[in-house]
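Take a look at this one; I'll ask things after.
Note that the chains take the letters A, B, C and D in the order they are written out, and that residue 1 is the start of every chain.
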C-alpha cells in the first residue's frame, strides 16, 4: 500500500456545494498553499462558494493536477473518484463534519496532513473501483465507474424484482428481492453493510454480492474474486427498476437489460497517513466495543 | 379460533384476473354449488373470465354473501380482505398454484373443503388487520386497511430516508434506512421476514416494526402490543418516498407527513380446516428441516 | 401496569457479593430507612459485606418483607426474581454500575426513588416468568423459574445438537444448531437479541423461540402466545448438552430428555418510576440513533 | 485451478469408520483398481471394516500414495486433510450419503470419476488451510492445521467469553460473545455460515472472522487478506473455554492464552471434475431458488 511520489506543484480543490464553512477553509488554505509555491485549481462551484473568480471545469481538474483535496464527506469523495478514474491523480479526503470512512482527515488536521505530504511522509492507499455497463438488446446504453457499489433495485411501488445473477457468464442464482448490491471492499462498509453484508478489508481484491431483502432466506452475501465478471439480468416486467452507481447516479432498467460489472483496470489512489488504521475507523464508526 | 356459523345460502367468488384455469374451475364449481341450492355472485372480472353474463360490482359482494371463495394466491386474498374489512363475511382462500400462507386449500381440495364447510366442520381463523391514516399538515389525505403490512420506503433513486417512529405519541427512535415495515402477525411471514423480522404466530395480538436495511446496525425488529398506535413521520426532503398498503396500493409522501397505524376494530375471518396446522405450512414454505 | 400498594414497613436488601461499594451504600441507606421506621432485612452475604451481624437466610427474605432492594446489576436481579417467584413481594433494582435493562435506578437516584415509593408515586411493572421442568423417561428431574430465558445448548466441544421443538405437544420443527433459546419478553433484550431475536415489549404476553446458529438458514426466531407450552426434546447422543436457566444455573441433559417450558402463573412485580420509558432505555443501551 | 499430474500407481483409501456400506464399496473397488495395476493402501480401521488383513497406519498413508480416496462425508475429508497437510498427495472425496461441499462425488459416480482421473481429465482444486498455535505464557502448548475453521468458544455453562482480536499484532476489537470463528473460504459454508458469515469463493486468498452471538450488535463478520496473522486472546476467567479445530479436535483454554492463526504455506489439493460447479453445489445445498 505504501509508495512515495514526486513533490507536488499543482493541487486541485473540490468542495461539497452549498457549505458555508468552505469559504472560511479556503481563506486560510489558498494563501498557505501559495506561500509554498503550489498552483491551485478550483472547480466552478467551489470557486463560487469561495467568492473567487478563477475556476476550471470540474472534469478537467484531474488532468491538471497531481493531487485533489476533497472538502466534504464520503459522498463528495465518491463523485471525485469517478472523475479521476483511469488517471494517476492522488485524492486527499478532508471531512467537513464527522469522521468518514474515506475522508478521515478533519479540518483541524488539514495543515498537518499537507505538511506531511510535502515531506513525502504519507502512504498511497490504492482502492479497487468497479466498471459497469448496461446492455439493452446487446447494445451498451450506459456506463459508469464506482468506488463503492452498483445497486440494481426495484421501483418504489414494486413488491420485488426478479433477477438472474451470473459470474463469468455462468448462472449462479435467480433472485427475488428488493435488489442486489455489487460492492467493492471499500463499499462493504456502506450500503452493503446495512443489507447484511460482511466488512471486507480494502486491500482484498474481491467483490461482494449482497442481496437486499431476499425472498429466499438462504440467499446470503457472497464474496467473489476481484477478477471475475458479474452479470445481472432483470427478469421483471414491472416499471421502476433502476441501477444506481455509488448511490448518486441512477438509470432506469427494462426487462432483459443486462448490468455487467467488473473491476476497473486502474485503482484510485487515496492519500493516507502512515499511521492510518482501518480497524480504528471501524471501531469508531460502528461503535464497537461499547 | 373455533366458532361455528349458520348454513350458507349465498357465496361470492372472486378470482385472480387473467388466469385461464379460472374458467375451468368455475365450469365445475358453479353447477355443483347450484345443485346444493347456493346462490353465487361473481364480480365483473371473474364473470368475464368465465364467459358468464351475470355479475355484480366487486365492492358490493361482501354485503351480499355469507362467504367469499377467493381463487388465486395470497395477493388476491389480501385485496379481498380490504373489501371485507369491517364486515362478518367469511373468506375461503383457494390457491391456483402452489401453497400460500393464506390460501392453503388447493384446487383439488376445494370440493372436499366445501363439503366440510356445509357440514359445519370447519374453524374460523380470525386475523388482525391494521388501519392506517396518512396525515399532511394535520389533515387526513389517505387511509387504508391491511392484512399484511404498511411499508414506508424511500424512492427508488434515493439513498435512504429519515424517519421518526413514535408509539402512542412517545418518541421511540429516529431511523435512517431504506424503509420501515409495520406488520400484523399474518404479515410477519411476508415482507417483514425478508427484512429480518421474526415469525409471529397469527393468534398473537401484536404488531411487528421492522426496519429495512437500517443505517444503524442496532436498529432491530421490535414486537409491540396490538393495542398501541404507531406513528411514523417522514423527515426527508427527497422526493419519491411512498407508503404502500399490503404491497398493492401506494401513496406518495412529503416531508413531515405522518403515517398513523393501529389495529382495526374488527378482525377478518378466514375459513380453515379443523386440522389446519400453522407450523406445517411454515415448514413447507420455508423448507425447514431439510 | 400501574397499581398502588400499601405503605411499606419491612424492606429486604440483597446485594451483589464481593462489591466493596455495597458497604458504603448501606452505611447511608440503613440509618436513612431506620429514621423512616422501616425494618430492614439483610441476607447473610450482604450483611457480611457490610460488616453487620444481623442477617437472615436469603431464601427467607421474600416472605418477610413487602419489597426487596436489589443492589447489583441485571444478573443479581434475575437471581432474586427466582426467589420471589410465586409471591407478591415487590422488587426495586438499583444498578451499582452502568444502566441495566432491569435495574434502571442508579446509586445517585436511590433516595429520590425511595421517597417517591413511600409517597406511593410509583408503578408496578409486572413481568412474565417462565417455569421449566426437565423430564427424563417421564420423571421430573429438575425445575426452575426464569425471568429471562431457558437455553438448551450443545456442549463446548460438540459441533451442534439435534433438537425437536413442540408447541402444545404438536411438532413444530427439528433443529440442528448450537442451541435454542426460549425467552420471555424481558429476556428478548438479553441472549436472544445476540442470537438474532427480535425485541419484544415486556407488556406482551408472549414467548420468543430463537435458534442459536441454526444449520438450516431458514430457521428464524418465532414469537408465540404466552399461554402455550413449549417442549424441547434432545435428540443428540453427544455428551455435554445442557439446559441453563437465566444463564445462571445449568443442568446436564441426556438424549431424549424433555425440557418443558410454560408461563409461570404469577408475574414478578418490578417497582418503576411513573416516567419509566422502555424505549429510552433501549435507545441508550443499544446506542440507537447515533 | 487446473493442473495435470503423472499417472497414478499407488492410491490410499480412508473410510468413515463404522459404516457397513464401506465393505460393499471396497469389494467392488479393490479388484477394479488391482486390474488397472494400482497398488492400494488401507488404514487399519478401513481394512477392519472391509474384513481385510493388510493395512498401514493412517498417518503413514499420505507419504505412500499419490492420491487418497476418502469414503465418507465432509467430516472424514477434514480429518484426512489434516494428515495430508504439507504434502502433495491428492484427495478425492466420495460421499457415502448426500451431497457434500467437499465430497461431491457420489458412490454411483466413483468409477466414472476414477476413469477420468486415470485419463488425466480432471482438475486440481487447491484449497487454503490455516495453521494455528496456542500459546500459554509465551510457550506453544498446542498446534493444528485446519481446512475449515478454528473456533474459540465459551464453555457450555458460561454466559459468554471476553476476547481480544488482533491482526498482525494490531488491536482490532474486544468481543463479548459465545465465541469467534476464524475460517478459510472453504469453511465459509460450514459453521461460519450458521453464525451469519458470508459465503466466500474458495479461490479467494482470505480469512473470515465471524463472531458468534456477539453482545455488541455491530460486531459483524470481517473478511481479511489471507496473508495476515490473526491473534485472539482469551480475557475471561471462567473455566470451560475451548479452541476447536475443524470442529473435531478441542483444546481447553485459560485466561490470557493466545490463539494464533495464519495461512498454511501449502495448500491442500482436491481432485475435481473439470465441470465442477461451485455455485451449482451452493444452489443444491442451500436450496436456493426454491
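Heads up, the rule we're going with is that contacts are C-beta pairs under 8 Å (C-beta built on N, C-alpha and C of every residue); 3 or more make two chains touch, one makes a residue touch a chain.
Because the structure is a prediction, the values reported are computed rather than measured.
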item	value
Cα-superposition angle relating the copies chain C and chain B, to nearest 5°	180
Far-end chain from chain B, centres as C-alpha averages	D
Chain B against chain A, contact positions shared by both copies (same if over half, else different)	same
Result of counting contacting C-beta pairs for A-D and B-D, higher pair	A-D
Chain A and chain D, separation of their C-alpha mean positions in angstrom	37
Distance from the mean Cα position of chain B to that of chain A, given in whole angstrom	41
Chain centre separation (chain B, chain D; CA means) in Å	47
Sites on chain A at which at least two other chains make contact	193, 217-218, 220, 286-287, 290
Residue ranges of chain C touching chain D (in the complex, touch as defined)	153-157, 159, 177-178, 191, 193-196, 212-215, 217, 240-242, 244, 247, 250, 286
In the complex, chain D residues that touch chain A	167, 170-174, 188, 193, 197-201, 203-204, 206, 208, 216, 218-225, 277, 279, 282-283, 286-290
Footprint of chain C on chain A - complex, ascending	217-218, 220, 287, 290
